[in-house]
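Two complexes, one shared chain (chain A), two partners (chain B, chain C).
Right after this comes the complex of A and B.
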């Protein structure tokens, strides 16, 4: 582990912490524009975090220590996830710690804790949200794993850094399987980040909410951490999608100039991604919760198809 | 590995994968108009794949069959189907006999079977497009599945047409297309078939007040 790699790693984490609320704000703003509403300020998530950090924490009488620990665990999981996703360079000292499969596990750990915290206080909404979250999660996880398997077959490795390195620095080869995996990954990201076809991040309508239902009991800095973790999750998924399917411009190693050049490119790609996400959220209606298995089943099917197409078309013996 | 494949073959593979994706989208689609649009898109992907094959190999009759695909499957047939839907005033969703996720899983199993069956066959072919044979077979199977699982007559016809797309892809991928006469004959057959089925639709609706073919299982007059 060399010093520049370490600095790059720290910088990537700090960038994730700073940029994640901005990305959420950008998506919210684009969504408002698409829907002909007056847009909230771009920096709204930062104001929100500042306000929440200054507020007092109110706990329910029967809240256990798990309820208080969960926000920190979730936040830690998301920071770790952001640390092992190659955003600017593929030379990440943290990357050997966790490969693509462990990344799925990290997301799963965060999901379990948020669901447990939702059920901890014992309100009806919390348990309802927790159950729905687990339903969505257990359908989304195999699809995500299948996407990673397809990519791992191309790169012959499950390490994210190696996968991105292989994809970013190759001669121009069209992988049809990547198209399938890309569509499946988009579906999974929408479901995992509580976005419109599956959940609406802006609603408090009790019949439909999933993510919001679980965090109703949180306040103050706990809520701030959870909101921040949610933006970090969106950031991690966006960066993962960009790194896997549009990997151009990610610095190969400890090349400082390439690292600097990667920053504006990343910002540009995230901005475009945010516009596309807002577009998807605008043109789709939220589906009934019972349609979610069908939606995620389609994602799983696409990912499996990607794997099969990879075997049929691209592997020559 | 894939670097041995020339660029045009990669392009054809991509388009073939797209055709397979569209076949699955049709299988999952509930609305009849969207189904017809997906069929037109599938035709477009097929046209592009044939065109790439034609440009790569420089064979004249492949250009013809590409043109035939464009005119017939992207323009004429979807137009006829759209008109039929309008005239028959079909509204609402297509009912499937099995629910959609189950259909999808059956579809995946079919694709696996088709790929396995096609693998030894495509080893024998020498064309640049031989890799797509498995996909073509899978599209045919999926179209079959769609015809079996749909109740409404019109979506069965779309399934039939999609099956023809798959057969066409198989012919192109295995042997660079069939002889011109055969291709023209099939194209004409499909066109005439759709027109006749269109007339049938009106007859069925007049008789049973519905396009649901369940009503035709009873043979008694009533």
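Right after this comes the complex of A and C.
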């Protein structure tokens, strides 16, 4: 591991930590514009984080040690995920630490912890949220892995860096399988990040909550870390989608100039992605929880179709 | 005098286990002597045996002949790499379980402790002999000893009727399986030496069977070993026998005994039958997938914690069978690199499952002792009185869900890798089916997460559902030591995959002629890159360390930059104030989404309360389809036939004499010289 690579890695993590709340703020702002509301300030998530970190933690009487540890574990998982996803360059020292399958595993680990933390205090809404989160999880995970399988078949590798490298620096061939995979990935990202139409991050109606229901009992720094982790997850998924389906501009090695050029391009792509996400959230309504299997089943079917298209039409053996 | 070989050590270990068991009979009622002296001794023997097996790994096969048994039929024994891997598994898992058992067995529970000690150690010794047997005769003798000793262990608490029923069901299916195995051995010896027959495995290896007969042998072995391992539809005994048995026995059966069946299946399909036909793999793959999906779906809807784990064992065995199927397919097409990858996944999953499932079963044992309660609906909040058990169980839960950085993830990762690089199979049809099978494997893994969150969340988290749970106590020092040992195994298997795979390499090389050692990235012990690091790599240490460092750094920074103040208060729960334990999800409630989505997969009876019921009752009963599809008709048929036969038994001697007379006449007519 050379020094410049290490510095690049640290920079990528810090960038993720800084940009992630900004992305959430941007999506919130766009959503407000689309919905003809007065937009909250762009930096709202930072103010929120600061406020929450300053507030004291109010713990329920029977909150256990797991409840207190979970926000830190989730935050750690999300930071690791952001470190693995190739955002600016594909030459990351952490890239071999986890391939696409392990990335899904890391998200899964965070999910288990948040679901368990939701069940910890023993309130009606907490366990409801935990159960629904696991429901969405087991529906979304196979679809996500099928998307990765399709990409892995194209790149002959499950390493994210190699996949992005292959996709970014290939000759201009249109893979129909990528279209299927891209749509499936979008569906999964919406579900995984607790977005409309599966969940609503801005909901105040407890019975429709998924993510919010699990974290109802959190406060202070714990809530701040969970919120931050949630925005990191959105950032990781956005960067992953951009890197996999719009990989242009990601620096191939530790070429410093290409790295510098990649930053504004990433910002631009994230901004456009945020507008699209806000658009999707505006034109859709939240669906009933038992429509979620249909939604994610569609995603799974599309991903499988992508895989079969890849096998049937694109591989010439 | 020649130096002792590892196989001699293993035989000594088997004898030592037997003697340990027998010395339990010296003072059968002396709980203190049996539990604090004999069980730890058994654990020490287990560790020593594991070390001996480890030293045999990678070496030449060693053979021995024991002149016991029938005249002219000595026991042939052989320790090769495959046996060594499974003996290692037996050694490390039994060490943890025995240590735990030292603290588990108490006075006045079921059979006398000395008898229990004998059965338990006989069980261990017979499993070791199964692994060492090198002829069909020794194998079947050891196999039956294993089945019988475990039957007696299951029925330790034989005063309860359902425990006796579970024991008989287990015994019945074990014997159906044994018949399959015996017939399979019979087919494999079929051609040798006319009537005499050479029952040694060495003779079977040299056989050239016609494809029809080798397929018959394979299918019989699959059915026979599948009955022991719990493959659908012969799985019904697992969810009955595991809850009935004392927890260390459940742990031993689920963690180790199921693996002896896997060992047998591997032995027959890759060693004794040296030709492989591709559709064998498809059969094993299909059966494995059905088993895994079935197991995990039923695990999610169970309300008894040990039953839930039993179904989860069925799921894991299914995944192992999927791996075996994949290995068979690759092996049949001479794609040895991929076959080695899939085989490594199989062996790794055997080791990992032995660790984490024993751990989880032992945790349920501690919960059971502390609360006297197996039903999830009456537990809850146990992390407060039992922090040790709760945190160690969390390790088991994470491993069992197949999440990094613990052991379950490594084997699932290897399995998925071997699925992913499968294109290139000569069958276009297989090329289509295999990725879809991979999708189902992923679905199974994700559903396992649901089942495990239910298991953990309902037992250890939330509010206590019964007031009596406040008096629960944490596990004692012996129990803690056993749990810690198995957690350590789970952790090491999780973070050090490369050294373990290099160890397993000898076994895959023996079975397939190829291993992963050539392609495995040798740059460092921390990195797992089975084919090349371009293709796929996983560094569990980095994952673990990064999460841990971020966690600690975040904690330190937050406390440093802001504050660490905490105030306790009543839960918020959106301002609702009826926050009693009854407001939480019940076990039934938690699995409601699964029951709804996969409704056709279950046989359900539900009773909903009406709106104006004074005492509203909600009841749901989920039963196994297979019981009604496969077993109930057979039982009815047996009933009907016996009802017909009963008619012959009028109870009058004159009638019986007439039967004899008629039979005699008939014989005279038919069998004239």
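To be clear about the criterion, the second predicted complex is superposed on the first by the 317 of 317 C-alpha atoms of A that agree within 3 Å, B and C clash if a C-alpha of one lies under 4 Å from a C-alpha of the other, contacts with A are read in each partner's own complex, and residues count from 1 in each chain.
The rule we apply is simple: contacts are C-beta pairs under 8 Å (C-beta built on N, C-alpha and C of every residue); 3 or more make two chains touch, one makes a residue touch a chain.
Owing to the predicted nature of the structure, the values given are computational and were not obtained by experimental measurement.
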Looking at the overlay, does A:207 come into contact with chain B only (first), chain C only (second), both, or neither?
neither
Contacts for A:77 in the overlay, against chain B (first) and chain C (second): which applies, first, second, both or neither?
second
Applying the document's definition of touching, compare chain B and chain C: which contacts more of chain A?
C
If you stack the two complexes on chain A, which partner ends up touching A:293: first (chain B), second (chain C), both, or neither?
both
Find the residues of chain A that appear in the contact set with chain B and again in the contact set with chain C.
293, 304, 308, 311-312, 315
Please give the residue numbers of chain B that touch chain A in the complex, ascending.
1-5, 7, 10-11, 13-14, 16-18, 20-21, 24, 28, 100-101, 104-105, 107-108, 111-112, 115, 118-119, 131-132, 134-135
Tell me, which parts of chain A touch chain B in their complex?
171-177, 179-180, 183, 293-294, 297-298, 301-302, 304-305, 308-309, 311-316
Given the complex, residues on chain A that touch chain C span 53-54, 56-62, 64-66, 72-73, 75-77, 79-80, 83, 94, 96-99, 101-102, 105-106, 108-109, 111-112, 115-116, 119-128, 130-132, 134-135, 137-139, 141-142, 145-146, 149, 152-153, 156-159, 162, 206, 216-217, 220-221, 225, 289-290, 293, 300, 304, 307-308, 311-312, 315, 317
Residue ranges of chain C in contact with chain A within the complex
380-381, 383-384, 387, 390-391, 394, 397-398, 401-404, 409, 413, 416-417, 420-421, 423-424, 431-432, 435-436, 438-439, 442-443, 445-447, 449-450, 452-454, 456-458, 461-463, 527, 529, 533-539, 542-543, 546-551, 554-555, 558, 561-563, 565-574, 576, 579, 581, 583-585, 589-590, 592-594, 596-597
